[in-house]
Structure formats: structure tokens, C-alpha cells
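What follows is a pair of complexes built around chain A, which joins chain B in one and chain C in the other.
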Partner chain A sequence: MKVITANFVTCAVKECKTSPTSFPLHFHDAELEMQELDFQPEFIRNVIPRIDWEGLRVTANELGFPSLPESKPEGEALGDEQTLKDLHRLLLETQVMEGKLICGNCGHEYVIKEGIANFLLPSHLV
Partner chain B sequence: MSRPEDILPPDLFYNDNESRKYTTSSRIRNIQADMTNRALELLDLKSPSMILDVGCGSGLSGEILSQEAPEDGGPHTWVGMDISPSMLDVALQREVEGDLFLADIGQGIPFRPGSFDAAISISAIQWLCNAESSDVSPEGRLKRFFEGLYASLRRGGRAVCQFYPKNDIQRSMISGAAIKAGFGAGMLEDDPGTKNGKLYLVLTVGGGGLQGDIRGVVNGMDDVDVLDARKKAMEVNNARPARKGDRAWIMKKKEQMERKGKVVKHNSKYTGRKRRTAF
Partner chain C sequence: MLPTPDTSHVSFDTIYEPSEDSYLFLDTLSSASESKWLSERFQKSSGPSDNSINAVPLVVETGTGSGVVLGFVAAHSQQIFGRQDILTLGTDVNRNACIATGKTVSTAIQSIQHKQENTENNPNLQTVHISSITADLCTSLRPGSVDVLLFNPPYVPSEDLPRLPTAAENDPAVAQAMSRSARFESDSYFLSLTYAGGVDGMETTNRLLDAIPGILSARGVAYVLLCKQNRPDEVMTRIREWGGWCAENAGSSGMQAGWEKLVIVRIWREGN
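Coming up: the complex of A and B.
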């Protein structure tokens, strides 16, 4: 699972939809892998406004990345190629292959195996 | 041909064997590729986008999203959801670029509001019309799916869902659920009435300066006839039922009797009129 996806995914349990602690989901025992992908500055510029920067900082911290700047790069900063390349590396090329995602509200564990997260819920949680 | 939807639930039907067959069959691959390209044409994306692939299976459609040429607005980044572990396993072996989720779309779409630019779904959502256990209903699953999808798309986003309804009931159940969730919905049918007719549910989320429904989407496309069924549906709803004794009722009864072979007086302008008062 890419880090960008982790920034979009929330807990699937209905009760957690309204709780602010259900996002971001917290990584545990994550094993990372780098996968080279083509650099697309346009895609990064398109998607940056939708990124939850606070959530991304938490995720990056959990995955052991050096801490990100406190505020989201906007406007001028998006013209800088190095910033975009760093974001590309973090958001798209970093993949979580094994591990768990845990909801901060209900504590439900979503297991990640071979990069595929299991979001099937038992029927009593739906 | 029998419908796989009637045989088993999707996670069981697409076992290792079926998933492999599905992915290696060149006929299915061609059909899937055609439908994905058509869906992309309907989405009309101008720049590399974040796309949700609902029921991605082995990534046949996702592959096309990743390979979209830069001059057509690609390549896109996608996230796929599917309920069949075997299908996802095949996707892993084929090393698709998108992120994969093992998830049941009838349980909702677990993404933050406004995450995606667009969504596509190829031959998947008709599975929602089957309830596999007594504690869920097709209506409930469709409702959760479309509400989740509506929330996860950004304003001005679009979703194109190609599906195979079993009958008109399923067709209207699916489009009805989409409309209830807030989408501007329309159907596009390719090759209507033929054996390889394809039905696309085109959904739009308001805002972003787009014309609010499918007419805005197909605007400027060749060979598309627009049929507006809404006015007709209104007329049917507004039509007064024939009351006993009035002209429409008498005509209906006369027809019924005629069909039974009874002798019926012929119709004239006087049929069903009141007699004048005697004094």
C-alpha cells in the first residue's frame, strides 16, 4: 500500500465515520519497500490540495521518515522540483508490504499482506 | 448463458481457477479493455488523476489506467477494491501498479471525503443485487456503496459503472440507489438491443462548473442519442386512474369484453355520454 493511499483511507466501521480519531489509521510493524515509479509533477500538484498534511506527518513519523515541514507546501513551493521529487518518493514510491493498520477510535486491526490491506469487516461491525 | 451472479457469491465464485481463466481469456480481456476505454472517454480526465477502481479484479482495467498516454491526460494512479482474494492474487502476480484492497463494496467505501477525482467500475456492481446472508439486503448494500462512493469523490468528479443487470428491476434498483445517494445519474447504452449491448451508469457529483448530469458528459460525443425518460415517467405518475363510470373506464371495459369475444356496440362520439334530462 502506498503512503498516499494511507492518507486517504479511513476506518470502515460505521461508528468511526464521525470520530476524528479514526483518521489517520496508525501503522504497526510496517515493512517498507521502495518501488521506482515514473515521476509525475502534474499528478503531485493535482493531489497535494487533497492531502491531509497533519495525517501525513503522523504517518511519516510512524514509518520512521525524517519529520516533514510543519505546513503543507503551497503556491510557490510547488514550483520547486526537489520538493515535488521528495513528495513523489514518500507518497508514491514508498510501499507498505506487511504490517497492520489500526484505527485510533475502535482499535480494529486491518492486516496488510503483500501490500494488500484486508478491509473486510465481520458482519457485526458493518 | 448462465449468470455467475446466480451461482455463488463473488468471493467464492472467483476462486483460483476462475480468476486465472478470467484473466487469461483473450476474449474477456478484449471486452474489458474496450469497456475501460469507453469509461475513460466518459470520465474525460484532462490530467493525471487519482481513480478508484471498484471491483478491480485482477487489474485488467487498472492496467489501462496506468498506461494511459500523457497526451490523453494519463497516466493515472489508481486504488482498486475487490472481494475475491484469488483475483487479487492474480493481480499481484501480474504486478499491477495500483494499490489493492480486499474489501466488500457493499460494506461502504472506506476513504476520506473528496479523495478521488473519478471512479470506474467494470462489470461489478450487479453483484450487489444479490444478498448472500439474511442479515443484509441488496437495497442496504447498494445504499452503503453509493453513499460511500458519493462521499469519496471530489466535487465535480465523475463515476462510470459498467454493469450487467439481470432485468429491468435490477437496472432501476441500481440507478435508483445512485440517485438517492445524491448523484446526477444517467445511463449510456452501447449497441442497445444486441447481444453485446453494454450498459454504463454515468454518475456526476455536483459542483465544479459541470453541467449536472449525463447530458453534460455526452455533449460533443458522436453517435449518441439522448432520450429523456423523466418527462414520460412524470406523465405516468400524474395520469389519473380511470374512475368507474367515466369514458376511459367504459372504453377499457368494452375492449376487455371484445377480447373475450362478446358482442360489443361500436364506439362513437356518443359513447359514455350522459343522456339529456327528460324534462
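Coming up: the complex of A and C.
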């Protein structure tokens, strides 16, 4: 599971959908693996508009990538190759192999095993 | 005809084997009319770079099975969406299907990239498969995040709708420790999830349709496959009655007594 995935998922519990604390889900005990991918500056530039920046900053901190800019790169900042490289590394090259994603609202833990997160809820939560 | 992704690594004990409906999906999305429609919607602007227009589309397939459909759109994103850079994400209730999909999609992307390496001046395929997650439809996806949603549902009418699997049922260690007969039961159960659709074959599809307005982005579009018993005309009428939504027949196959056996419906916001 690439780290960018965390920017597109939220708690599966219905009641959590309206709560702002259900996004992003919080990484715990994450084991990471790097998978090298060609760096394509334009690709990353066009990925950035898709990103919820506040959410990504939370994720980056939890995974120990502290160096994200405070606000989403726009205009000239999109020309900064180092920023794009950092984002490429974090979003696309970093894979979460083991660990948990935890909802900040209900506390439910979504387990990640061998790179695959399980978002199926136990029957009492459906 | 664009090549079909390789699924020879997939064990079809618990996973749906690519069939007529899967191939109708491939043919429909890559048809001249549908590719034109999608490319007009998603290709990058040639003028001054506008980030919101050029934003990389997120393509999600729910119930990926072997991953043949998602692998196909990932590998042929240039022909289908008019661009070389999409993000793909797959969901399935069967963990084995998630593993299979990851491999099918990555292999399909790599095989195109490998061909491009041998041809000069070809723009590179940059498409990335971000993950396959074990999930019920799109219930765990962030609202408004999906640009293209694909669903080849369990559409066969059945007396009962199989319940969703538990974490234990999806645990490979549990499956490995099973007796032969328990394994057979478990495999049959997982296969039933791939086809049994409950009343009118629509119980799962209806849940997905209900989620569409919430999950699609402003430019979002969904493709959902229906069979004759699902009454596609009634389903399309119902979608149009949501208000502000369009539904059209994007591709069909197998005429039977004047009816198409399978239909793929395109669903999108009016005026977008």
C-alpha cells in the first residue's frame, strides 16, 4: 500500500463520515518499504492538486517524514525539484507493509498485513 | 485491439475468472466512442498549465477480482483517457483478489513501459497502482475523491445475498489450516460473492449506486455493468430521477430475444 492511499481513505463506519476526525486515519506501528520508481516531475506536479495537504502533513509526521512545507506547493513552488522529489518518495515510493490505520473518531483499527489494508468491518459495526 | 492483461498468475479457486462480462468492460472502455468521451473529459489542456484540469485522475474499481479490468485501463490509459498518468486503486472483499489485482495491474503497467523502452520518442506511461485494499465497495474511500469508478458486480439473482467475509475468513493462515472439505466450503463461499446478487441480482449494485453521488468528484463518472434480469432500463430511469444525473448505455453484448444480455451503464453529473 503506497502512502498516497492514506489520502484517499477514511473510516468505513457510517457514523464517522460526518466527523472531521475520521480523516486522515492515523498510522500506528507502520513498517515501511521503499520501492524505487522513476521520478517524473510533471506527474508529481499533477498529483499535488489531488492531495488533501493537511491530511498528508499528519500522515507524513506519523511516518517520520517531517519536512513537508506548511502549505500546499503552488505556482513557483511547483518548480522546486527537491520538494517534488520528497513528495515522490513519500507518496509513491514508500509502501506501508505492516501496521494499523486508526480512526480518530471511533478508534477502530484497520490492520495492514503484507501491504494490504483490511477495511472490512466486524458485523457489529456495519 | 488492445492486449488483455496477463492473469496467468491468478488462482481462480476463490477469484472470478475473466469472462464475457469482464471482456465487455474492456471493449466498452476502449471503444472509439467511449475513449473519445473519456479523453475529452480527462486529457490535459494544451494551453497554459491549469492544475485543476491537469490533476491526475483517480480510477477506482470495486470488486476487482483478478484485476483484469483495472490492469487494462492502467496499461492503456493513453488510449482510454488520453493521458499517461492515472492513479489506480482497487477494492475487493476477498483478500486473495486484492493480492491478485496488485500483481495483475503492476505487471500490465510494466509490460507497456517495457515496450515503450524499445520505441524511441514515445511518451512514458507513468500510471501508478497505489493499492488494492480489502473493503466493501467504496465505503472506506474519501467522499468526492473518485474520478472514474468501475464496477462489474455480482449481478445474478439469488435467493440469498452472501454476507461479507470476516477478518478470520480472509486470513491466509486460517485458510491454510483448513481440512479439505472446509477449504471447499470456503472457496465456494468466496466464489458466491463474485456472482450472487440477491433480489433481482441488484442488492449489491443498489448499494453501490446509492454511494455514487457522494463518492464521485465533480468530473467523476461511473461505469456499472448490469444483466438483463437487473432491468437496465428501469435502473437508468431511476438514476435520472435522482435529479442532476445522467445515465446512458455505453456498451452491450449478446442479444437474446431482442434484449441485450449485458449492458454497461455510464453515470455522470449533468452539465459536467
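Here is the rule we use: the second predicted complex is superposed on the first by the 125 of 126 C-alpha atoms of A that agree within 3 Å, B and C clash if a C-alpha of one lies under 4 Å from a C-alpha of the other, contacts with A are read in each partner's own complex, and residues count from 1 in each chain.
Convention: a residue touches a chain if its C-beta (ideal position, glycine included) is under 8 Å from a C-beta of that chain, and two chains touch if they have at least 3 such contacts.
Note that the coordinates shown come from a computational prediction; the quantities given were computed from them, not determined experimentally.
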Chain B and chain C placed together on chain A: clash or fit? clash
Legend entry - First, second, both or neither for A:Pro122, with chain B first and chain C second: second
Item to check | Touched partner set for A:Leu37, first chain B, second chain C, both or neither | outcome: both
**Message:** According to the stated criteria, A:Ser19 is in contact with first (chain B), second (chain C), both, or neither; which is it?
**Reply:** neither
*asked:* Looking at A:Met1 after the superposition, I want to know if it touches chain B, chain C, both of them or none. Which is it: first, second, both, neither?
replied: both
Larger residue footprint on chain A, choosing between chain B and chain C, goes to C
Does the superposition put A:Thr83 against chain B (first), chain C (second), both, or neither? neither
For A:Val47 in the superposed arrangement: first (chain B), second (chain C), both or neither?
both
Dual-contact residues of chain A (chain B, chain C) 1-2, 4-5, 8-12, 23, 37-38, 40, 42-43, 46-47, 50, 52, 92, 114-121, 123, 126
The residues of chain A that touch chain C in their complex are 1-2, 4-5, 7-12, 17, 23, 37-38, 40, 42-43, 45-50, 52, 74, 78, 92, 110-111, 114-123, 126
In the complex, chain C touches chain A at residues 44, 51-52, 54-56, 58, 85, 87, 89, 91, 93, 95, 98-99, 102, 124, 126, 128, 130-136, 139-143, 145, 163-167, 170
In their shared complex, chain A is touched by residues of chain B numbered 47-50, 75, 77, 79, 81, 83, 88, 92, 97, 99-104, 107-108, 110-112, 114-117, 133, 135-136, 144, 154
In their shared complex, chain B is touched by residues of chain A numbered 1-2, 4-5, 8-12, 14, 23, 37-38, 40, 42-43, 46-47, 50, 52, 92, 114-121, 123, 126
